[in-house]
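Read through the structures below before going on.
Two complexes come next, and they have one chain in common, subunit A, joined by subunit B in the first and subunit C in the second.
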Partner chain A sequence: MLSFILRRLVSVAVTFFVVSVVIFVMMHSIPGGPFDAGDMPLPPAVRERMMAQYGLDQPLYVQYLRYMAGVLRFDFGVPFQSPGETVVSLLASAWVPSLVLGGLGVLIGAPLGILLGMAAALRRNSWVDYLASAVATLGLTVPVFVTSMLLILVFAVWLGWLPSSGWGEPRRWILPIAAYATIPMATYARYTRSAMLDTLNRPFVTVLRAKGLSERRIVFGHVLRNSALPMVTVFLPMFIGTATGSIFVEAMFRIPGLGSYFVSSIRTRDYPTEMALMLMLTVMFCLAYLISDILYAWLNPRIRTGGRRE
Partner chain B sequence: MLLNGSGLPARAGALALSIALAAPAFAETFVSAPGESTSGAYLDYMRTVYARAGFPEMIQLPLTSFDNEYELHGMAAESLEQSEDGLTWTFRLREGLVFSDGEPLTAEDYVFALQRAASTGYDFGWYWDFAGGIANWKAVAEEGADPSTLGVRAVDDLTIEVTTETPKPYLPSVVSLWYPVPKHVWDEHGDNYATNVDTIVASGAFTVESWEKSNNSMVLVRNPTYNGPWPSQVDRVEIDPTLGAPEVGLPAFMAGEVDFTPLNAGQIPFVEGRMPEAVRQNAIFATSYIAFDMDSPPFDNVDVRKALYYAVDREEMTETVLRNLAIPAGSILPPSYPGFSEEIAAQAVFDPERAREHLAAAGYPNGEGFPEVEIWYRDQGGYNGAITAPMLQYLQAEFAEHLGITMNIRVMPIQDWMNAMLNRENNLFLAPYEYDYIDPSNFYGIFYNGGRHHHHVPEYDALVAAADANPVWEERVDLYRQAEQVMIDNASIVPLVHPIQMFAVSDRLSGPSVEPNSQGMTPMSRLVPYFYAHLEVEE
Partner chain C sequence: MIAWGPASRGPGPAAGPAPAPAALLEIEDLEVSFPQAEGIVRAVRGASLRVPAGGSLGLVGESGSGKSVTCMAALRLLREPPARLRARRLDLDGMAVLEADRRTLARMRGGVAAMVFQDPMTAFDPVFTIGYQIVETIRAHRRASRREAREEAEALLRRVEIRRPDAVADLYPHQLSGGMLQRAMIAMALSCRPRLLIADEPTTALDVTVQAQILHLIKALQDEFGMALVMVTHDLGVVAETCEHVTVMYGGRVMETAPVAQIFDDPRHPYTRALLASVPGRVPGRRRLTEIPGASPDPLDPPSGCPFHPRCALADARCAREMPTMTATGREARAACWRLP
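Then we have the complex of A and B:
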């Protein structure tokens, strides 16, 4: 198991390096720069002076090495869009609302999705299955900004029960989290249904039934556990994905989270913030997959040995 | 010349004070307003215009400013005077103006603001060169000359002297965008003073209480030390740029969480039907027009340009695809803009027969042999974003139907579009322009001596130069009219539309800011110092 984890850690480091190079090169390949935002271009002499001030007049590899040297010290530089701060302090304050939104969205949506998927699988081809499948399909296909708009219209405008947007007091969290939870709920419902159907059709379930076990013990004691493998694969990456914030939900509900920085750092060519966001995402996704792999290997030892018997 | 001021008379102030002492404490009044941009670095208009955060115009005091009738008022400037040769303006500041930290606001704070702007890459520097004509601007900004050589100086604490390269009778309008930089704070913190609530000091009617960086929402409160014109009528203004998108703003407005919101085309009929009393409109001082490279075929032929000029049915376009979004444009100047001429605007008629005659005279009867052309326009949000796509599709169909011309459309980022126009990478552009200061010279200047369109027409240049320097308003306007007539005869551009903005306004709000002006318009998005100082709200 230890060598398995070490191999995975090496692959994380390689992925991090490759991603950092690709992102850095792509970012600088896009025409324009941080001082080209105005209607009128800056005079060339002025522009050159500004580029030199931020070290952007150096060769690209020098800029990359300087930036990465800072990253190793956990210094992601100064954001162009907020020069009085550091990238770390800027993102640290924005991460909290995104974590709350994404985290609670997944923690509420995932169990609901699992229940929905279980109900659909256990009552296959019944109205329960059709209803659960319809809800899951709607959750996956209706854009989240439409869901958000409907929730605002019903609960804030028509009924007046909840604020339409904003952040801060917990009652303002309800609608955005509800809107966001539809995504993990729908995803989990689909995964759970297909995983459970697959497990329910396997011979060992027939054997368990023949042995006289109750349906409850079969489902919760055996089927659900054996169906957990694919769900483990989905859960952590989805958690990380949601923790970085949903741009649309944050925009619709005016949440001061990370989502806006993904957009504004690209639009304003804020290279330090753009790099920091992508590198943090890369590390988090790598770690999420690493943990998933470990859990996977723990749940199914054949995986870590590549299916070979030792 | 003494400028208007709107400070309360001393007696009224005393009366207000006695009422305040006698009355029980009132609840704090506040306005919740949409902002304009969720990104922006500095709360300092003189550091950056295009990357400014929030409304720095609310917290610093300009030398002059416009009211909702577009009358110019002295703000920090109490009086001004132009020298005999027209090259020097002297601005006298009001006595007793102070920053929110109690330090006096002096001429040095204004002079420093422009010196820093010229020497540190201000993205609005072109304005002070093109519109202001400040002496030595280019040398300081582009050649590294000492900022002290700039044509601005503080004669004493209350007197600013501005020297221009050529006479600028309209400089008082230009300086409506001249804000001070608190030099005593800048000396300590540098440019970053304007990124931190703790170091920002205000000279205007508001000061900053809090600032959420992730979306640039901020809370501005009445500046307790402010004693200039146009004091705030409300205690707090909560500005949230995320409410600036109509899709977010209208639901929040209907839920009572924002006091006004811009409307998009789809929302206008709904709001007009459900709450007509809430609707306000404002014709922005902006014009969308077709611009040509007049040296490049086929647009080097005046008959081709005239064919396009007469082939546009502006009335039908603004009554159909641009309904509620724009009004017809016959002149580069928008209606009610100073210097606007009905006579000039009336010449832009839809006459397809005449258009075909011009095209035939150019050698392309019914469009035969006319090359396929491509019009370039910039991808943009806001009111331009709402009108450009439907307008171009309409024009594409019009030119095909009436002239037999195939016009393709290409969209590009703003900066690419501007560079393409400046570098003449294409011969046909859809160009929007919105005023920066209120004077005809602003619009005519963009075609002067090349301008942004390489528009070199000696007769036009001579008329505009004469108008720019003429101190007599009536004579100036007449010269500008003659200049625009040259443009029309030359078909230099095809004016298309003037955009309008629609808003929904809560009945909580009152005061001149939300009442239509004498033209029936309610300017809610541009006259920031006036707008927020003249908002009243029920408690």
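Then we have the complex of A and C:
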């Protein structure tokens, strides 16, 4: 198990390196630079001095090596769009609303989705199943900005119960979190349903019935545990994906989260900020997959015990 | 005396209304169907069988004959819906299985009748140890502490000739061979002292070398525990070794039922005869095996009359029209055929 984790950590490092090179090259291959804004052109001398100050006059590989040397010391540079602070402090403050939005969205949506999927699988082909499937399909097919708009229209405009946008006090969190939670809910409802149905159709479930176990014991003691196996692998990566915030939900509700920086950093050629965002995402996704793999192995005796047959 | 076959139509002594002793498993006119998009699959079409306490019945037929479905129906293990069950009588240990509620069913399953399945590799939950799964079965049926149940489980594993039962109990299903798993499966089935053991092709998925061991084990345990046995199989050799009585099914119906000696020495039904002729070494002096021409009936669109008539050399117009009634062919023996010799 330890060698498995070590091997995976090495592969995380390799992934990190490859992603960093690709992102760095791609960003710098976008025409234009951070200091040639169209509406307020800088005099060439000033522009050159700025470029030199940020090391942008150096060859690309030098820039890359310098930046990565900083990254290893957890120094992600200075954001061009806000030179008064560091990238780390900028993202740290922007991350909070995204984490709350995404985290609560998943923590509320996923359990709801799991319950929905369980109900659908256990009452297969009944109205419960059809309702759950309809909800799941809607959740996956209706874009989240439409859901957001509908929520704003109903609860903010018509009923006037909740504010339509902004962040801050928890009252303002409700609508965006609700809009956001539909995604993990729908995803999990579908996953759970198919995983449960898969398990319910396996021969050992008939054996459990033939042993005289109660239906409840079969579902909660055996079927859920077996269905959880494929489900853990999606949970953490999805959690990370959402913790970075949804660009759309944040835009619809004007939430000062990370989402906007993904776009604005590319538009303004803010290389350090974009790099930092992408690298953090990479590390988090890699770690999430690593942890899910460990969890999967721990839940699955076939992997845990090395698959030996006597 | 062990009484086989429905009491009402048995050829028993004419004198007096002596009622046959209540059978442990009594099935009369069982119908099992599965509605599907293309039509209704009629898996069992009026099958009857009877297993007295302590007796052993071989339920023989090719795949699709309805033998497994009949057994599953006896314990209500088919999912309903989609399965639809109907029977004039379906009694297990004097209880009407079709009317039983969930709790009664759960108590009967494993407690009164236990089942051993075809493929031991898929019969255990892969994420729990063998010991856990046997302990769980014991504790579902009677009050026992974890320790008592665990000791009992190890004793059972020892009884089914597993060496080092304490170590094996801590292993997961994937760590055991098919033969070992089938032994453990049998131990689990016996854990609540059932009065009936239904073995649904228990050796089909195993290596030939292991098959005989498992059969002998089942037979020995049947005697030791005083259980009745239903051995579902397509292998007449298995029946010859383990059963006193045989019921032959075809196309969801019972074709013939008779003591095992009569089935082998004097089979009456043309299907039984054809079945025997297709088994190597059963017909002395004949070297070539005879195959039965044609294919098994389509369960969506079964033939009219006798299901075997399209493949039967003796069939006439009546066979295609009417399902034959059961006719006595000897002591506790009956066959459903219009052309009985």
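Assume the second predicted complex is superposed on the first by the 289 of 310 C-alpha atoms of A that agree within 3 Å, B and C clash if a C-alpha of one lies under 4 Å from a C-alpha of the other, contacts with A are read in each partner's own complex, and residues count from 1 in each chain.
Everything that follows uses one rule, which is that a contact is a pair of C-beta atoms (placed from the backbone, for glycine too) under 8 Å apart; a residue touches a chain by one contact, two chains touch by 3 or more.
Since we're looking at a predicted model, the values are computed, not measured.
In the superposition on chain A, A:Y261 contacts subunit B only, with no contact to subunit C.
In the superposed model, A:S214 lies in contact with subunit C only, and not with subunit B. When the two complexes are overlaid on their common chain A, residue A:T15 makes contact with neither subunit B nor subunit C. Once chain A of one complex is fitted onto chain A of the other, the partner contacts of A:L153 are limited to subunit B, with no touch recorded for subunit C. Touch criterion not met for A:T86: it reaches neither subunit B nor subunit C. After superposition on the shared chain, subunit A has more residues touched by B, the comparison being subunit B against subunit C. Contacts of A:V46 after superposition on the shared chain: subunit B is touched, whereas subunit C is not. Of the two partner chains, subunit C is the only one touched by A:T206; subunit B is not.
Residue contacts after overlaying the shared chain place A:R225 against subunit C, while subunit B stays out of touching range. Subunit A has no residue lying at the interface with subunit B in one structure and with subunit C in the other. Within the complex formed with subunit A, the residues of subunit C that make contact are 72, 75, 77, 102-103, 106-111, 114-115, 117, 119, 122-129, 136-137, 140-141, 171-172, 174-177, 180, 185, 188, 192.
Those residues of subunit A lying in contact with subunit C across their complex are 202-204, 206-215, 217, 221-222, 225-226, 229, 299-302, 305, 307-310.
Touching subunit B in their complex are the following residues of subunit A: 31-32, 35-43, 45-47, 49-50, 80-85, 90, 93-94, 149, 152-153, 156-157, 160, 163-166, 251-252, 254, 256-258, 260-261, 264, 267-268. Interface residues of subunit B facing subunit A in the complex, by the touch rule stated above, are 38-42, 49-51, 121, 123-126, 141-144, 191-192, 195-196, 212-215, 217, 240, 242-243, 245, 247-248, 251-252, 254-255, 257, 413-416, 418-419, 422.
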